[in-house]
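Presented below are the structures under discussion, each in the form of structure tokens.
Below are two complexes that have subunit A in common, paired first with subunit B and then with subunit C.
Here is the complex of A and B:
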């Protein structure tokens, strides 16, 4: 071997060694820039294709994942749901819990070069989002005033304390929008919507509708040296089987949420080129349930609903229908959401108890062995829910309840459930880290609103629960809130306004060469400014 | 005025009324489905309040009475304006124009290949009826016809893309490869191989069976015997005498299928992730994107009318005994 060649080989070995040593180091100590080289292209599945990318105007799941790279919020949240700085470098809360003051980063710029200032924050939260964003509207309407103290300081003054106020500054809950582009325009018809402009690490480049969305590195990004990736392509692949193939072939380097059907998960988990994690969904922490229209007989009877809880085997659902993803739910709050209460009435899987409850409620077996008949409107969100419908039908049959399955598409489902035209259905909603943001809305009686989806569509009403939820939101003392929420959870679990099924988990598959993809509670919706590719 | 021009102009006048009537019918059809785009978008957002839904309905014009919406729509249609998709924030016409090339390159290629291949195979099978080659062609044709099209697509992906790695599994181009000119063309062509084969196999099976059956009827007729007796070479007998007389049913079916060229490939476009009209239509149904759906329906009905006219004209070319009559 010639000297030059040997030298070359040695250099290569040394480089490989350095990379191998540095990679684990970088994982344990975020911010160490040794192994985090510039460069690389990431292909991520986006499904279904978002209608538009302006996060303030559309908060569909896929929109959040793509737009989370373009737009930013003031805060982000760790796995423990504690706030972390993003566009706000620090913040203060007054002792009475009414005044929140944010110090903004000074060097952030919009993608068109204009500086990001406190005036953008005031405009976004007091004007634009109030007009376009239902969740932000609910939060910021609690503000008495929102003002810029100087170019980099914003102050929110609340009418009364609101426990989860900080949670409202996560990127999808309150994306910051450029005032100089939107102020005084018709937000939804603004031509700039076609080319979104944010402060994030990636800039919008091109959208080939039906095929892909191309984002490129923002060279002027306000965090020095970041981001590491040059390009991100979001690929639209509508067929679930083809998406699985795309992962197997390495055509895409990441999938998230429901991209991969549950039955494909065990197979893809075994692939050598990808890693699976269920972390990074803590902020959303969805909980699935059987939605129960408590206006209709026999569902108006608490004992009938309790019987349903006993008749359905949540562990079976988790293991056989969701292939091990998720945890059997015990009540209305996901155990990773704040203020979860474990000590509530337990509904173990026990068809005998279910039958006893039905007997007690007066639902005797008829000549054909049937106690009652109900309809179940299957949620049209993929194969897995259809399987669940079939299981529920069988499980209820065992205790003498005849379930008729009804099918529809997404529009029909929303239309019927929101107008209370159903007996049973399925549903799952995000909890956004705090009961006041994602749990209350399902159970309080002032949210019984016909025609509005994800409201209290069951028509459940309990003044005690209403009071507890109201009090718990109006304080920012965590201990006090815990007591109030614990009390509310105990009542709800006794009343069974919905039959809780699973604390849902989603599989995120990431190509092993890409590091730092999931680092916070908003996981794949994060800005990806610290994601890097290990080159081999 | 020559007969043919009279025929065409009269048919076109009729066609305008037919298309307008179809547009009105379609309008009521799409509005008959439960739910509306506002409901869909509320469902997707995972959170909603009354104002959210109300704003959307207002923006989409859904708060107006139905007859008023119909009036607005029809007055736009007669001005050749297909409306605006509020969901996608783009004019429907632009959306269609974006998607058409993908769909047409897929369906036209598949259609032409299937027609040529089907006629050739059908002729071969009929002329050798009862031999092993006839049996082979018939069996393959029947299998291709009876197998679900998406399953064939997935199997082809598994074989040629996953296992052998010869061809790309989906998309229309290698994204981010930055090809230009000849390279870009070849890249796109490679991406089309599997979807075109999948779609083409199905059509080809239809044409093969039709051609075979039709030729079997014709090949023993007196004029064929006469041609043989005259001592004409076999290829001439087959192509000029038999095929020309046997081809009419094939043209009829091809005319029908040509009408489906625009929307008839939803499954293929979904499995192979091609951004075509079929998928646009399917998604528009689910999203209740009325304007887009109506636009596609209208385009499809125009294409069907045009191809019917063309089919009639081709009849008279192939078989001079058939005359065009208004």
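Here is the complex of A and C:
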């Protein structure tokens, strides 16, 4: 009886509270319907389990997602890839594009209570990351000097202007590390690596290997009143089918990247308890393509490669193989990143045009209807890529090109592609928010390096493209860069060094009770200091 | 019953009589004939390549353009089953033939000569018997990259040991029989005795186990293809089940029909094998039944 009474009282209180909260908020904050309340636990899938949580030492996808809540960078990036303040509250760039000055927030503290200062930034960028982080090393080695002007001002002086310099301050590109813990130690062997210490809204609590990682609210967080959540559990679920079931049953409240297989996406999209978004991957913006070894006949002929673009139905690939995820690609730059050029030669799906191009190139039909034979090394990244291989084989057969499929394991694939022992293969790479970081490397001739994966493995070489990419990286005037990159994209799309397929999208499933999960271009790797739970 | 069983070795009517007495075997044989016909006339029934995307993807069975439905890319399941029959039978028969060659040769040598040779060959055979069949086949195909040849060889290499042991036993027991002694006394060479005297008399059990081995080989091939270790340019039943497994909740028919095809073929082969056993080894069969 007393139970029922208590329950009744609770319901009353809740109703009263809800009314009290909702009324003033609805008046004061138009557009925000619900209060951003404290409290709540979020369970997020992490897959595969990260090897370590210190972001400066390991930048694999899962590490970024977990450690993004613990560590922070100076900047973060909106969906439009424009920089937004994080640990730097403001910044200035000198007119010649060589000097960058950052004003840091003054009240940020490390999880052990020590203040975060400009000296930590100088230590992280000039010492620690130079040793442990290949991408950061490539950027910060362009600096002539990095110095702390006072406790909350840092200045970077570059040897020459570098267009995408600000992009380097995103959290996974340059996580800020505590100088007082790491300076003078062996970074990789530091015992503090087991209990990561950052400035982020969540603190490391416990790691039960093979099961979960538990982060708890940082009560001393430098943004007043934040974060809203009490804690976050990252759940390790290695089996794809179990992950889908965990979403269906509501035992996890978020999945990201490749957690859910493409064929499960249409089913989970229909669930009442979750919402799906493909936003929040703009900083990574992967682009997939058919890798073409331009050294081999008949692939050395531009017209043959153009014919491939016409012969393959990218919309079919998106709809039937990727179950609707992604956008048909039109060129080397993903349209959600910076400096995309839409006015390039268009390759609509048209087998007749493909055949005309093949005729023109001198590949006539033989007695058996075959014009040419090529091999296709299927990327061993799972079912979806196998289906793609089968589709490409049939699509090319329709225009008279006989494709023989070859299979291999992951190591064999890397080995054969990087040593140029292939005709056709598949590939996709991240673009990191700027062509100079994620696009240039694929097409410039000084990146033709045997044995190096994700370099210019096609052997494509065009001095004009080389020149345009080099010039575009060495200026920080956006208009000028746009012109140079547009010119480069037009040439590339005409030359077809690779046959672009899809601007890939990843599905993020978030429980409908949790708000603000995906707000920036780094999406699920964001700090989650503004994520809150709506209680029913 | 007893009269029939006493004179089984007279071939011809006796063989068919014994075979036909096993109803299951007759049904199995009828079904097997159907499958062979389907394989033989696959190009007539479905002239297009089974990889061609002829229908809309995800068509359920009994659609206008796809009798048994279409798969995720719009390929006709029925065409896949007809063309897949070729691959399954081809791999089943050739790999068994290779396994019989290896097994009978080693078993014959081992059983005929005995002693050191026997020891050596049997230890070698045991080496293969201790490694699980399927695991070894997976490793072999993975190493030699999946292709028709590598799959046939891998299946043959994992299937010959039981045949070698069987042939060895037969040869050992026949080796001490009078007609062999007689052949030795008349000065026939060892090769002639093995080939002309003993082998014809030990064929019955070998044929029976070979017929069952075809079924095992088809299952092995299907399992390899299911795991994505099939020849990527050949449509096979195992591949169809493997590729459709991911969408089984949305489209049951994509894995169901090829699965049924595998089940029925393997069952038919087993029934035929049992019938052959009844017909060729009546004593063994009776022992098993009573």
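Definition applied: the second predicted complex is superposed on the first by the 502 of 536 C-alpha atoms of A that agree within 3 Å, B and C clash if a C-alpha of one lies under 4 Å from a C-alpha of the other, contacts with A are read in each partner's own complex, and residues count from 1 in each chain.
Convention: contacts are C-beta pairs under 8 Å (C-beta built on N, C-alpha and C of every residue); 3 or more make two chains touch, one makes a residue touch a chain.
The shown structure was predicted, so the numbers you read here are calculated from the model rather than taken from an experiment.
Enquirer: Report clash or fit for the pair subunit B and subunit C bound to subunit A in the combined superposed model.
Expert: Aligned on subunit A, subunit B and subunit C fit with no clash.
Enquirer: Where does A:248 make contact in the superposed view: on subunit B (first), on subunit C (second), on both, or on neither?
Expert: In the superposed model, A:248 contacts subunit B only, not subunit C.
Enquirer: Between subunit C and subunit B, which one touches more residues of subunit A when both complexes sit on the common chain A?
Expert: Of subunit B and subunit C, the partner in contact with more residues of subunit A is B.
Enquirer: One more residue to check, A:90. First (subunit B), second (subunit C), both or neither?
Expert: neither
Enquirer: Which partner does A:135 reach: the first (subunit B), the second (subunit C), both, or neither?
Expert: After superposition on chain A, A:135 lies in contact with subunit B alone.
Enquirer: If we overlay the two complexes on their shared chain A, which of subunit B and subunit C does A:343 touch? Say first, second, both or neither.
Expert: neither
Enquirer: For A:406, decide between first (touching subunit B), second (touching subunit C), both and neither.
Expert: Only subunit C is touched by A:406; subunit B is not.
Enquirer: For A:209, using the defined touch cut-off, is the partner it touches subunit B, subunit C, both, or neither? Pick first, second, both or neither.
Expert: Only subunit B is touched by A:209; subunit C is not.
Enquirer: Quick check on the superposed pair: does A:185 touch subunit B, subunit C, both, or neither? Answer first, second, both or neither.
Expert: The answer is neither, since A:185 touches no partner chain.
Enquirer: Once you lay one complex on the other using chain A, what is the shortest C-alpha distance from subunit B to subunit C, in Å?
Expert: 8
Enquirer: What is the shared patch of subunit A, the residues that subunit B and subunit C both contact?
Expert: 408-409
Enquirer: For a test of understanding, state which residues of subunit A touch subunit C in their complex under the given definition.
Expert: The touching residues are 261, 263, 266-267, 320-321, 378, 383, 386-387, 389-391, 393-394, 397, 404-409.
Enquirer: Applying the document's contact rule, which stretches of subunit C touch subunit A when the two form their complex?
Expert: Listed in rising order, the residues are 49, 51-53, 57, 72-74, 142, 145-146, 228-229, 232-233, 243, 246-247, 249-250.
Enquirer: Any idea which subunit A residues touch subunit B in the complex?
Expert: 41, 43, 48-49, 51-52, 58-61, 134-135, 137-138, 188, 193-194, 208-212, 214, 231, 233, 235-239, 241-242, 245-246, 248-249, 251, 408-416, 418, 429-430, 441, 449, 451-455
Enquirer: With touch defined as at the start, can you tell me which subunit B residues reach subunit A in the complex?
Expert: Residues 33-37, 39-53, 59, 87-89, 95, 98-99, 102, 150, 154, 157-158, 161-162, 169-172, 175-176, 270-276, 279-280, 283, 285-288.
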